[in-house]
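Structures are listed in the sections that come next.
Next, two complexes with chain A in common: one pairs it with chain B, the other with chain C.
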Partner chain A sequence: MRLHTAPRPWRQAAAGYGFVGPALVILGAFLLYPIVYSLWLSFHEWDGYTPHWGPFVGLENYRALADDEVFWRAMLNSIVFVVVRTPLEVSLGFLLALLLNRRLAARSLMRTLFFVPVVMSLIVVTIIFQRVYEPNTGLLNTFLRGIGLGAWAHPWLGDPATALPAVIAVSVWKNVGFSLVILLAGLQSLPHDVLEAARVDGANAWQLTFRMITPLMRPILALTALLSIIGGLKVFDLIFIMTRGGPTYSTEVLATMLYREAFELNHMGVASAIAVILVAVVLSIARVQAFVLPESQEWGTG
Partner chain B sequence: MKDLPRCQAHDESRPRMSRRAVLRLGLAAASVPPVLLRSRTATAQIGGAQPTAPPTAPAAELKNPVELKAPKVKASSPTTLSFWHYAGFHVDVQKFIAEEYKRRYDPNLSLEITAYPGLNEQRVGVKSALAAQSPTPDIIGVEPGAYAVDVYTSGSVLDFTKVFAEDPEFQRGFWPNALELLTINGTVVSVPVVTNTVIVYYNRGLFREHGLQVPDTVADLKKLGAALNAKGITPVAYAAGEDRNHPIFPYYTYVGGIKADKLMREADLGLKPWTSPELVAGADFVEMMAKSNLYAKGPLGIKQPDAIQILATGKSAMLWGGQWMRRSIRAALPAGFDLGMFPFPAVVPGGHKPVLSSVGITLTVNARSKYPDLAFEMIKALTGAWGKIEYTRNLGLSPNGPISTEAIAYQMQSLKDPLYPEFLKLQPTGTTRVLFTPAVEEAMTQGMQALITGQKTAKAVMESVEAVSRKLGLRKFRTG
Partner chain C sequence: MSMVATTASVARAQRLVGHRARAGRGVLWAVLLVALALSIAPGLYMVSLSLMDNPQLFAGRLVPWPPHGENYPRAWVASNIGRLYWNSLYVTTVSMVVTVAISALAGYGLGRIRFAGRGLAYAIVLVGLTIPLQIALIPLFINLRTLGLLNTPLALIGPYTAFGLAFGTYIMKGFFEGLPRELEEAARLDGAGDFRIFAWVMLPLTRPALATVAIFLFLQNWNEFLFALTFVTEGRMRTLPTGIYALLSSEFYGNYPILAASLVLFSVPVLVLYFLFQREFIEGLTAGAVKH
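Right, the complex of A and B next:
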């Protein structure tokens, strides 16, 4: 009778590499290589048309950005976008999830309705909201005039003071359904015995929500917030289509500035420097995950 | 190979109709309502007069009065040329011309057209292809201005020097002012398929109803605006929120109106300051227009479809926009809407009426194309004497050069647009609306937005544009 022996270590390793190899190649080609390429490019001058890079300029592109008030404006707008959008998106998503976690008559329908904006084409959403915000015949101003609040009618996207909030509102509307779905899934996986015990101990709905459910949901809330922050920092298409960063750079964010520098002003080196900064910021925030989210979550049972 | 006539010339081999008969045919095809406008005599800056077909009545089916010219070079084996551009609504007519060319002269040659959804997407694709030294696309659609400068100065595209030397007639078929916009470092780097103008559309019925007159000067326009505002009607819908150079339209208009185009061009190239009195006056004009209650509310929040909607719903009496909007406007207007157009009023007393003019997509050849000669022949088919008539007959945009009265009558059979001849009259009078230096164009766009929103003064805006221009130093290219 032949004895079963453990496979030799090198064979085990080869099998492992064989399985992850294709994924590593794809990651390397389409993620790591472009990141390293961008980093290298950020130290060069290049117009993007000629086949060869221009001269090595060291940190000049970064210095140019540091001196560029548009860059700081874009950085500030990106931060504002995230700081305003994320709490709104997560808190609204959480409220809706709490609501839809209850036994409601049209729960499935409402869940679907809240998720519809997530699956809608962004182009369609932006075109709809451009018309909604249009100052003269737009839905919002027409509605305001209709209910006697004509004084509040405003050129929402045409005024630098309101353009960014208007764009953020669209972003929240578009993405709140995504937060809702994640948080609802989290709520439904909470341990019923713990919640039941709390109820038996006399906890009212308020206490149950804020003393029990919210702490238990902390990892899911953190994950949702993290996804929203990263999505917010990378926002491009919504702003590019709605305002192209205007008027007067009032909605310019890092991603739209990157596009402008790369493809309109032909400063590929500067654009790469923005990309490197953006990646660094996103990666730093993603690392927060390690501190905020434990590797595994075990629902305590007392 | 038979040397076929240019568009303006008559083909002697064909049965000729009398001029009078042709005019009658064109008239009825056009179904033009009584023209209320008195004739415009905008001073031609560059270019000649464009004959137009007066309104008349159709009798027989007319044909394109010129022939598609045979190519000097043909494909020796099945060959496909690739062509990337960004104007989807041009594809049908491009396919038609390419098929006709294939059928008549070069059965081996096919044209594969890729129409990107917009200029930005196409430019990114082209940039990537050129940087990768790709021979595809063979034919590239570029915009006049910075885009054309970028592709040419990087050595990525070929110029038309040889083509024009071999076929001077082809060169003469274009409006000189259109080719001037595409001349970089002394050579023409691309050729336009069409031209178009920026004018003022107006609700003729509403003007009639309220006894209003088309304004001759900006002072008249302001009075007209006040009268309309008093009646609760917004004077002008202006899509300043549209991207590209829409926010700069008023500035170009003023500069064209005082004939300071050359000065603006020199400033664009860093040869003259942007802070000269004439160029600052342009910014003053933009500010004045924004403050004069002429525009529909929040112009920077208005895109082209919004502006069309404002006009079509009767909320505004006028729309300041481009010839390219004509079809969308027609589609949005309710039945019975009497649409008229006029060139922007004179910006200074006694001055001429400035019409912004530009070329639409322009065509050039990839320097690494495997079939440059075939690509140039295809461009000649698309933009030459026969092609331009077919092209604009389908789109209703203005041709890239003068065409004959017979050709206009032929086009009007299917165009059904009484305004088309009006556009043709204005095209040669056009003033430029192109900046060549990307950073300057960007500074101007932001500056004009700041003027419209009242964030900056005219002087401050032009100083910031000048600062950007000075930082760039002398440009590495020359234009015109």
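Right, the complex of A and C next:
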């Protein structure tokens, strides 16, 4: 910005820090300092109560995690959560966006309604779905019995085999509207003349969708996927309230394990190590995205 | 002769296309309506449950008839919702206002002033956008405890402000960058200083961005669960999400309709705001993804 013919660096710096200073102080206190603190704690053993943190144990907490079956279970579940949820969320969102991307009665009303789950509080959603999944009188089993599929009725959250898929389904349900809205905005910003030219040249709807629209949408599809992946790795409320990581760790993810280690078992060192690992995973994915997705580098971590 | 044949076959082809288009239209509507039903059914189920009594619930009914409206006053009293509303409103509003103000300042600084260290400052903001807040959970818990701030409004206002700042600054910076330079130069020629230009010339132009940020922060803080669960453990100071969560382990767990009524009471203000300001809500929640 060439605001001054003769720039005075110290004046610019004073003004700059005057404006940005308050934000930096707060981010420093609530973000940077905790990162350092967590890293520090992850090298110590501490129950969280003795006045000072316990002895320095080096990488012992990390080694303990590497030997802990529950940790690997949580890691695997976090990965499964993301690997199943993201493709569903993005593809369903894209399908609905494609369907809504035309002149259609009540289109904006539908967009509004599809977005309602995104606005609803996760705790409300979670408690409703607990009831939906309830084995005896819940909506899902009642519905299955009603249409003659009573044999499929199942204790969805009580069975380790179905608990994780059931939780993932809720997460997809909650977030499809988000992908839909982003992708619909993307579709509406595509160059109309190019698509029109293809139509005039005789491309049918199928070819138009898969040969033209999808490639043009690649960056925004990737961005939607990235947001979903990062959101999925951070997931906590949904699982904590719905299953508390159970039954028998079948839905335990990194974030719920962290909470349990810290505030139920008082293993502050181990919990901090989990936090550090979680951050490392999220930041490296955000970093990978900078290569895959040059257009939205700003979402990276600089 | 051949001309007629061609016309006939074109007409046939057009009829065929017309049929296919109508059939396609039918499939389109079917898919959309099923998806729509799936996305609103759970909400309707919640409302329906909130109007039942336990026998109706256990009979697996779907329609609450006769309706039990008295669940609502009972839920209001039982879950102390008035108190929870007040706590949530207080914490949410204060942190939202503070965050918006500080974000606007920082967004202006990063977007319109060149100074040494600007790149680093922006990098810190971007880290704040991506990083999971779990990293701060234990350190903040320990520090808040040391300072004796657990179970006070400050225990939530501080962290909410900090964790909304990155988003707010990111959006405001983008918006300030897009404003024309002439305005600023004119004001500078009139002798206005940096802060005057910011407050009187630029800030009033950013109203849409301010609304976006404010709505995003409001919703995020209104629904926040992890910090609220960890930093506020006493009933008196709880916000709505943890207050409702506490009902799950209370005597009301057995009385699901009362719980459902509490959930409806929790959701109504946000849904009313959403339907009034849909454009701003959708913009606010997706602004981080799609740049203006």
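Following the convention adopted for this analysis, the second predicted complex is superposed on the first by the 289 of 302 C-alpha atoms of A that agree within 3 Å, B and C clash if a C-alpha of one lies under 4 Å from a C-alpha of the other, contacts with A are read in each partner's own complex, and residues count from 1 in each chain.
The rule we apply is simple: contacts are C-beta pairs under 8 Å (C-beta built on N, C-alpha and C of every residue); 3 or more make two chains touch, one makes a residue touch a chain.
Quantities reported herein were computed from a predicted structural model and do not represent experimental measurements.
Partners chain B and chain C, brought together by superposition on chain A, clash. Looking at the superposition, the partner that touches the larger set of chain A residues, chain B or chain C, turns out to be C.
In the superposed model, A:117 makes contact with chain C only, not with chain B.
Touch criterion met: A:246 reaches chain B, while chain C stays clear of it. In the superposition on chain A, contact is made by A:131 with both chain B and chain C. Of the two partner chains placed by the overlay, only chain B lies in contact with A:159; chain C stays clear of it. Shared-chain residue A:263: touches chain B and chain C both. Of the two partner chains placed by superposition, chain B and chain C are both touched by A:48. Applying the stated contact rule after C-alpha superposition, one finds that A:96 touches chain C and leaves chain B untouched. In the superposed model, A:277 lies in contact with neither chain B nor chain C. Stretch 110-118 is the one among 20-28, 56-64, 92-100 or 110-118 where chain B clashes with chain C after the superposition on chain A. On chain A, the surface touched by chain B in one complex and the surface touched by chain C in the other have residues 48, 131, 136-137, 263 in common.
Residues 24, 28, 31-32, 35-36, 38-43, 45-46, 49, 57-60, 62, 102-103, 105-106, 108-110, 112-119, 121-142, 158-159, 161-163, 165-166, 169-170, 181, 184-185, 188, 194-195, 198, 219, 222-223, 225-226, 230, 240-241, 244-245, 248, 256, 259-260, 263, 266-267, 270-271, 274-275, 278, 281-282, 285-286, 288-291 of chain C are the ones that touch chain A when the two sit in their complex. Those residues of chain A lying in contact with chain C across their complex are 1, 3, 7, 9, 12-13, 15-20, 22-24, 26-35, 37-38, 41, 48, 92, 95-96, 99-100, 110-125, 127-129, 131-132, 136-137, 139, 142, 173, 176-178, 181-182, 185-186, 205, 220, 223-224, 227, 230, 233-234, 236-237, 240-241, 255, 258-259, 262-263, 268, 271-272, 275-276, 278-279, 282-283, 286, 298-302.
The touching residues of chain B, when paired with chain A in their complex, are 120, 123-124, 127, 130-133, 146, 150-151, 154-156, 234, 237, 240-241, 243, 296-303, 305-306, 309-310, 313, 315-316, 438-439, 442, 445-446, 449-450, 452-453, 455. Here chain A touches chain B in the complex through residues 47-51, 130-131, 133-138, 153-160, 243-244, 246-249, 260, 263-266, going by the rule given at the top.
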